[in-house]
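In what follows, chain A forms one complex with chain B and a second complex with chain C.
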Partner chain A sequence: MSVDGIEIHARDHDGFLREVHSFEFWFQSVEGYLADHPYGVDPKAPVPDLEEPERDALIATLSTYCVGEVAALDGSSGMIGFAPNRHSKIFLATQVVDEARHLEVMLHRLSELGVEDAEAGFEARANPNLLAFRGRLMEFVEAKDWEASIFAQNVILESMEFAAFHSHMQSADPRTAEMLAGVLKDERRHMGFGENDLGRHLEQSPHARTRLREIKKELDALVLATFEDSQRALGTPASERTAVGKLYLESVARLGFAK
Partner chain B sequence: MSDFLNAYSIQTWLESCPQGYLEHTAFGHDPAVKEPELILDNPTMREDSIGSTVQLVVGERAALAASSGLINSAPDYASKRFLATQTLDEARHVEIFTQRLYDLGVKKDELEDVITQHANPNLVKFAEVLLEKVDKGDFVAGVVGQNIVLEGMAFSVFEMLQASNREMNPKFAQTLSGTIADERRHVGFGENRIGSLLIENPGKKPEIERMQKEMTYHMLATFSDSFADRSGMEEARRLTREAGGEAKHQVWHGTDLTSADPEQMQSVLADTVLGEFKTRLARIGLEYQAPAQP
Partner chain C sequence: MTDPLLETDEFDPAEETESSAESARRQPRTRYQLKDDTGFDEVPKKYRRFYRRWQGKGDSLAPNEVICPVCKVVIRSTRDLRPGDRVYCMPCFSRLTVIAGESGGLEARVEY
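Then we have the complex of A and B:
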């Protein structure tokens, strides 16, 4: 599996700032795929009749995704207070509502699968490596460390979600796949912001790359362990488990953070 | 509780706000309407408009910092999701009022200097009191300060501004219509969610009432400063007289905004906001605390 052909982000600096850091741009972006799609899905799309093991696996997977989305929601909202300029604050505000929407559509899909009080249960089913990742991200945010926060949130976490959702879409039922397709479109915007912001920062402060490399090493271990645990729980053969991790590493590399 | 919070979901927000009353607008208004030349060509009117719009930007920046800062301390996921919609609403308000400053001729590289020059120090203090609670992760105090006090003030200020600009500046009045609709939702959430949390945490009431008192003092001082400068209002009325027309009477809470003097305007605004505070605070089990007279 590869991200070839998926245009994560390609914009010149001025065009990027002018276009993406506004409510207007956000609304024009999301309206195309959210109009008439309550909870991210065409209401006419049939509800698939899943076998119990398949249903249980999907519930476990969506629960893990919910934990990731809560991390992204807490992270992006926490960063607004110390974002370096108004444009970044406004972009992050659009990201906050995206992340909250992702959480909401996933909880809605869980309720469609028959999970009662989906909010109450997903934390308990969370992968410990993902919880550790969330803890580390929030440490950066609480320290008001913009460089580390934007890297952990908009490069690492978004790439992790991108890889997981893109892989899952290939085998998901049509309702779940459509929901994930909308989420992926948002993630691309978020990754583009991280890439652009950090790209500019690293031009000014090339020495920061050494620090980001250390953070990446630490977080990569948590991301790959999360993937490994999740794939094992889903019964994926050992030979196929590395695919999603590879896609994650490729995504991060495309954003300019190969090592 | 969950049934009430369903009304504040992202889906409901999407359908009612961006896909509802904001559809076919740009920066909150019909793209075809512009700032009137009457304002752009008159230095006194333009400067007065810049001064009042800066206060809106300052207030909205505080609201953006507060609503986003409260998400991490929210006690349930539904409240987090509502605050996410509020965060984007407030960011939009920052954007549209900043855009108005540009429309009034403020240059992009001068924006922060213009804001610093015009920001009312009492309004800055008002924001600091609120953000101190938010920074401490005090969700209950933060929501009372943000969704009852700040939003309650903003709601009435926007209503009054909208009434007084309906004839003279339809663009600004339209911009304010969307923000009023947003603020109504925010105030509703504050009332509904905090009542139950205060029942669970009765010991927090004195501290929250102190915060309300302090914020109210700075709010009233801001009003006092704002209405002390009569130049913009007098110039607008002079221009209307010169044009030979008679302004349509705009009555807001019993006061004719086209003929009232600044003291009457200040009085009706303060009375309206304080009346709203008393009602809304009582609904959540708090007693309004009157501050010293600024």
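Then we have the complex of A and C:
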């Protein structure tokens, strides 16, 4: 439907959902910010020289981010097989591409920072809480448990990543910040898909909240500890660290999981 | 649910009993020309004029704007927004209803 001269907000919901879950929508969206940006950055942007402590902290943080991206890559690719409808399958296919790109740009940034064979070592440098989270997410995926998988990955993990990347961008060197900005734009779709899909599901199956509340209790600790550690390593003042979890807490509250 | 596309009735002075809120709701909508000049690049080109990034401290919302509570993008309409209006946040796939916030401004509530 053409939008020339008309109000986008007058559209019917089904038509809106059909369009935003399409590969065509994804392609035209990422074209706006990824075209001519190899590895997510302007090729003319200089590679900054970082002091050793700052460089080490960035390497540890990017390694943790890589674990999150691998978790989401494995999770979303596995979920395509048991997604409940075509919209979700196609959306998850676009998410797989996004997550693969995130992993690639982060490994590339690690190699720019002088890390040899970045791929081989990132798990060893990553936060153990996030490794545990990844293990739990993959158990849900292997059990073909849609409710738990979408909640763990697209609500908990994605909203925490969104908040953490946004916070990190404020203090990061310009090259890392630009790379994270591109990732953040993808994360908007991922977490929005998660909250809206689960929100619609819970309206039909409100009894599912009880089980998801238990899952939340278990996973909250792992994800919040991961990002607390990363923020500390990056030098974010304690007073600002709680703000990172705020977005996540707001999302789960809207879904009816307020503490 | 108020459709922003629908014309509102002209104010009828004969309706003396209506509240000021009702009266305001019945005023004709102000139209806004949305230009694709906000630098927002996260949706297909033809939709970009309907969104912009929140600039933080010093930024403010126009009468045709509301913030998406899910992803914090500013959503724009071609008309001034009023409680009950429906808007879509395309960057995060959300359908929202405009409500009167506690602070007096307009806010948006997700409708799954």
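Here is the rule we go by: the second predicted complex is superposed on the first by the 217 of 259 C-alpha atoms of A that agree within 3 Å, B and C clash if a C-alpha of one lies under 4 Å from a C-alpha of the other, contacts with A are read in each partner's own complex, and residues count from 1 in each chain.
The definition used in the following text is that a residue touches a chain if its C-beta (ideal position, glycine included) is under 8 Å from a C-beta of that chain, and two chains touch if they have at least 3 such contacts.
A quick note: this is a predicted structure, and the numbers were derived from the prediction, not measured.
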| item | value |
| --- | --- |
| Which of chain B and chain C A:S22 touches, first, second, both or neither | first |
| Chain B versus chain C as contact partner of A:V96, first or second or both or neither | first |
| Which of chain B and chain C A:L73 touches, first, second, both or neither | first |
| Which superposed partner A:S171 touches (first chain B, second chain C, both, neither) | neither |
| First (chain B), second (chain C), both or neither touched by A:S205 | neither |
| Residues of chain A at both interfaces, chain B in one complex, chain C in the other | none |
| Complex contacts: residues of chain B adjacent to chain A | 9-11, 14-15, 18-19, 22, 26-27, 64-65, 68-69, 71-72, 76-78, 80-81, 83-85, 87-88, 90-92, 94-95, 98 |
| Complex contact set, residues of chain A against chain B | 22-24, 26-27, 30-31, 34-35, 38-39, 70, 73-74, 77-78, 80-81, 86, 89-90, 92-94, 96-97, 99-101, 103-104, 107, 119, 138 |
| Footprint of chain C on chain A - complex, ascending | 2-4, 6-11, 13, 16-17, 20-21, 25, 28-29, 32-33, 162, 185, 188-189, 191-193, 195-196, 199-200, 202-203, 247, 250-251, 254 |
| Interface residues, chain C side, partner chain A - complex | 3-5, 41-48, 50, 69-73, 75, 77-79, 85-95, 110, 112 |
